[in-house]
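Below you'll find the structure I mean.
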Amino acid sequence: MKVAICRKENFNAAHRLHNPDWSDEKNRTVFGKCNNPNYHGHNYELIVKVTGQPDAETGFVYDASQLKELIRENITKKFDHKNLNLDTDEFKKLNPTAENIAMVIWHILRSKIDPKLDLKIILYETERNFVEFPAN
Amino acid sequence: MKVAICRKENFNAAHRLHNPDWSDEKNRTVFGKCNNPNYHGHNYELIVKVTGQPDAETGFVYDASQLKELIRENITKKFDHKNLNLDTDEFKKLNPTAENIAMVIWHILRSKIDPKLDLKIILYETERNFVEFPAN
Amino acid sequence: MKVAICRKENFNAAHRLHNPDWSDEKNRTVFGKCNNPNYHGHNYELIVKVTGQPDAETGFVYDASQLKELIRENITKKFDHKNLNLDTDEFKKLNPTAENIAMVIWHILRSKIDPKLDLKIILYETERNFVEFPAN
Amino acid sequence: MKVAICRKENFNAAHRLHNPDWSDEKNRTVFGKCNNPNYHGHNYELIVKVTGQPDAETGFVYDASQLKELIRENITKKFDHKNLNLDTDEFKKLNPTAENIAMVIWHILRSKIDPKLDLKIILYETERNFVEFPAN
Amino acid sequence: MKVAICRKENFNAAHRLHNPDWSDEKNRTVFGKCNNPNYHGHNYELIVKVTGQPDAETGFVYDASQLKELIRENITKKFDHKNLNLDTDEFKKLNPTAENIAMVIWHILRSKIDPKLDLKIILYETERNFVEFPAN
Amino acid sequence: MKVAICRKENFNAAHRLHNPDWSDEKNRTVFGKCNNPNYHGHNYELIVKVTGQPDAETGFVYDASQLKELIRENITKKFDHKNLNLDTDEFKKLNPTAENIAMVIWHILRSKIDPKLDLKIILYETERNFVEFPAN
């Protein structure tokens, strides 16, 4: 049986939902107020969950301080106080829905964490809207 | 790998735990203060979790605004500011425990959501008591 | 300069807003869904704030364990898992709005606490609606 | 002694802190990452607190449903899913710090609420940064 | 399909992360400020999740009041207001990381709960660091 | 009219309530489980509230980033992951009740903040017990 260790971090960003292959009218219809041309923003709450066997000597699956630093170095520094559509390479062509942001974060962190450990991302866009990836 | 999108909504309702096949004394013993004849109440917090593949054009598994409307139309309108035992058909003969309320909500919403998508209900009766259905 | 010590407790109750001097129609118009004849309910969160000088020997303004017991004995026992309109003397003739519940709690506790200490009640009816008494 | 009734609402907006009378360098030094030219954003949590005497017939200082509607009509509709700097008249020339946003909201609502009632605004920019106006 | 019932309880404890097989220097390097010789402490939030079929007569998977008592009798009484390293048998030789505390709690409760029911522990060491056992 | 800006920070510490002028028995009677000789601990949540006039050029009463740094430099560094009774000068002879900790923090920060600005400390020992200093 495995143990999961979770770390919560935050970033504050602007974004706009928009599909460039669609007309402005279709974008407004589908994305509603999230399509506002001048962007809007969120306090994103990010939970990174790492699952595996605790190390016999430390009792840690993953040192929470190191997990904090890994997230800050690779995710927070990139997305915090940024405009996701304009300031990041990841969302230049990818619509920054909560689902897509969670998958992008997963791919960034997956390559930095031992493959023996499982990785899941939970991302709160607001207190009432949140996503999980991967979800089983 | 799938993505889950979750939406949190609320409803405030009165209820009473009671098994009509039992004596009043047995009801009091088993359900304690939750058996109070004149009812008591809760601020129920409901999380609806829908799991599937994000749509390639929108980046959504399920549009959070539509999920909000689906919940409000089918669940909140039915249960909010109601007496679950007296004002709803669902709990006329079914004991309104958190477990049963979660299963009732799941059955109502299951028929409204594409069968390709998985559905899970999380229901907080209080900050300290909550249930999940289905739980794996 | 004084110090305030606050203690949070909870109770779950059913209630109905209704003015017996009004017609049913006026009650429905003014109180809306809160006038539902069969009641609805809430998880009330109660904060009791006591302000004064810390005792030189204990460093306490008021022992938090004693404040917890005072609230449980005088407030929780009376209101928890009850129908405020039917099961309590206080709201037999008084409309159980959050404002009135807070004032009733204040009067009950005021007589139990040393007059040298100031007393304030904060009562959350929901996460989004709450009251304070007295408010300066 | 008066009673206060509080209502919490939310809006999600983009903003940028910037003083046009300063050089870009001074703006960066003073406002740091909050000066990002392409904006960033927040989930603002707004608490509106109205203080006065409860009405003898209703038991309300201010009907919470009406307060909700007042906030949604006058504040949420104006600021939600907007870029405060670009999409609103209020912050075309006023730096949208939390302090200034709270004062702007206070002035908008003050004219809509009976002068016999006191009004206070509490605004959370993040879970860790929040402001009150007026503060005594 | 099964239902899960969850109960949240709390305990406040002191602890120190330390591996007696290591030098003081290695302990300081690996455990950082958590290795402080005079201990530090946390408000632990514990969620116990029990999964199974609801009973046909009660509608309960597990009576939440009985789950509360089970946790208080077996876990809270043992760990609350204690120094985990000095005052408990469980952590005399086992490093009290969140992972290890969750596994210890799971083993204590597992023997008290019907084997037909699944058991999971979620333990918050802080609002930002938490663990799950078992994690699938 | 003034504006208040609040910043929330955290520290995790061990402590023990004890009056050395009393017998062990009296200490146990008055302080109960908080008198445990081997200490227990808490996740303290600290809110620092600074009240004054916003600066005309910045729109800040106090720059929230500078307030964060001020708290971390003067409070968190001193108390986080420490035993308040053994590791700090402030509580060598002063009982570390929440009331006393709040007053100590206020005195430390008062000397670092412009006297034109008002200062208040709110300190959560647990989610249910918290104090304010000064309280009016």
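Letters A, B, C, D, E and F mark the chains as written, and numbering starts fresh at 1 in each.
Everything below uses one rule, namely that a residue touches a chain if its C-beta (ideal position, glycine included) is under 8 Å from a C-beta of that chain, and two chains touch if they have at least 3 such contacts.
None of the values given here were measured: they were computed from a predicted structure.
K.L.:
Supply the minimal count of touching-chain steps required to go from chain B to chain C.
P.N.:
The fewest touching-chain steps linking chain B to chain C number 1.
K.L.:
Based on mean C-alpha positions, I'd like to know which chain lies farthest from chain A.
P.N.:
C
K.L.:
Let me spell it out: compute each chain's centre from its C-alpha atoms, then which one is farthest from chain F's centre?
P.N.:
Looking at centroid distances, B is the chain farthest away.
K.L.:
Between chain D and chain C, is it the same set of residue numbers doing the touching on each side, over half shared, or a different set?
P.N.:
The interface is built from different residue numbers on each side, given that under half of them are used by both copies.
K.L.:
Could you report, rounded to a multiple of 5°, the rotation needed to superpose chain B's C-alpha atoms on chain E?
P.N.:
For the C-alpha superposition of chain B onto chain E, the angle is 120 degrees.
K.L.:
Approximately how many whole Å separate the CA-defined centres of chain A and chain D?
P.N.:
Each chain reduced to its C-alpha mean, chain A and chain D end up 28 Å apart.
K.L.:
Roughly how far is chain D from chain E, going centre to centre by Cα mean, in whole Å?
P.N.:
The answer is 41 Å.
K.L.:
Between chain A and chain F, tell me the centre distance in angstrom, where each centre is the average of that chain's C-alpha atoms.
P.N.:
Result: the chain centres lie 34 Å from each other.
K.L.:
Please set out, as single numbers or ranges, the residues of chain B touching at least two other chains.
P.N.:
Counting only residues that touch two or more other chains, chain B contributes 127, 136.
K.L.:
Taking all chains into account, which pairs touch?
P.N.:
A-B, A-D, A-E, B-C, B-E, C-D, C-F, D-F, E-F
K.L.:
Along chain B, where are the residues that touch chain C in the complex?
P.N.:
Touch residues, chain B against chain C: 10, 12-15, 33-34, 36, 38-43, 80-83, 86-87, 126-127.
K.L.:
Spell out the residues on chain F that touch chain C in their complex, using ranges where they run on.
P.N.:
17, 19, 21-22, 30-32, 94-100, 102-103, 125, 127-136
K.L.:
In the complex of these two chains, what residues of chain F are touching chain D?
P.N.:
1-9, 49, 51, 54, 57-61, 63-65, 68, 118, 136
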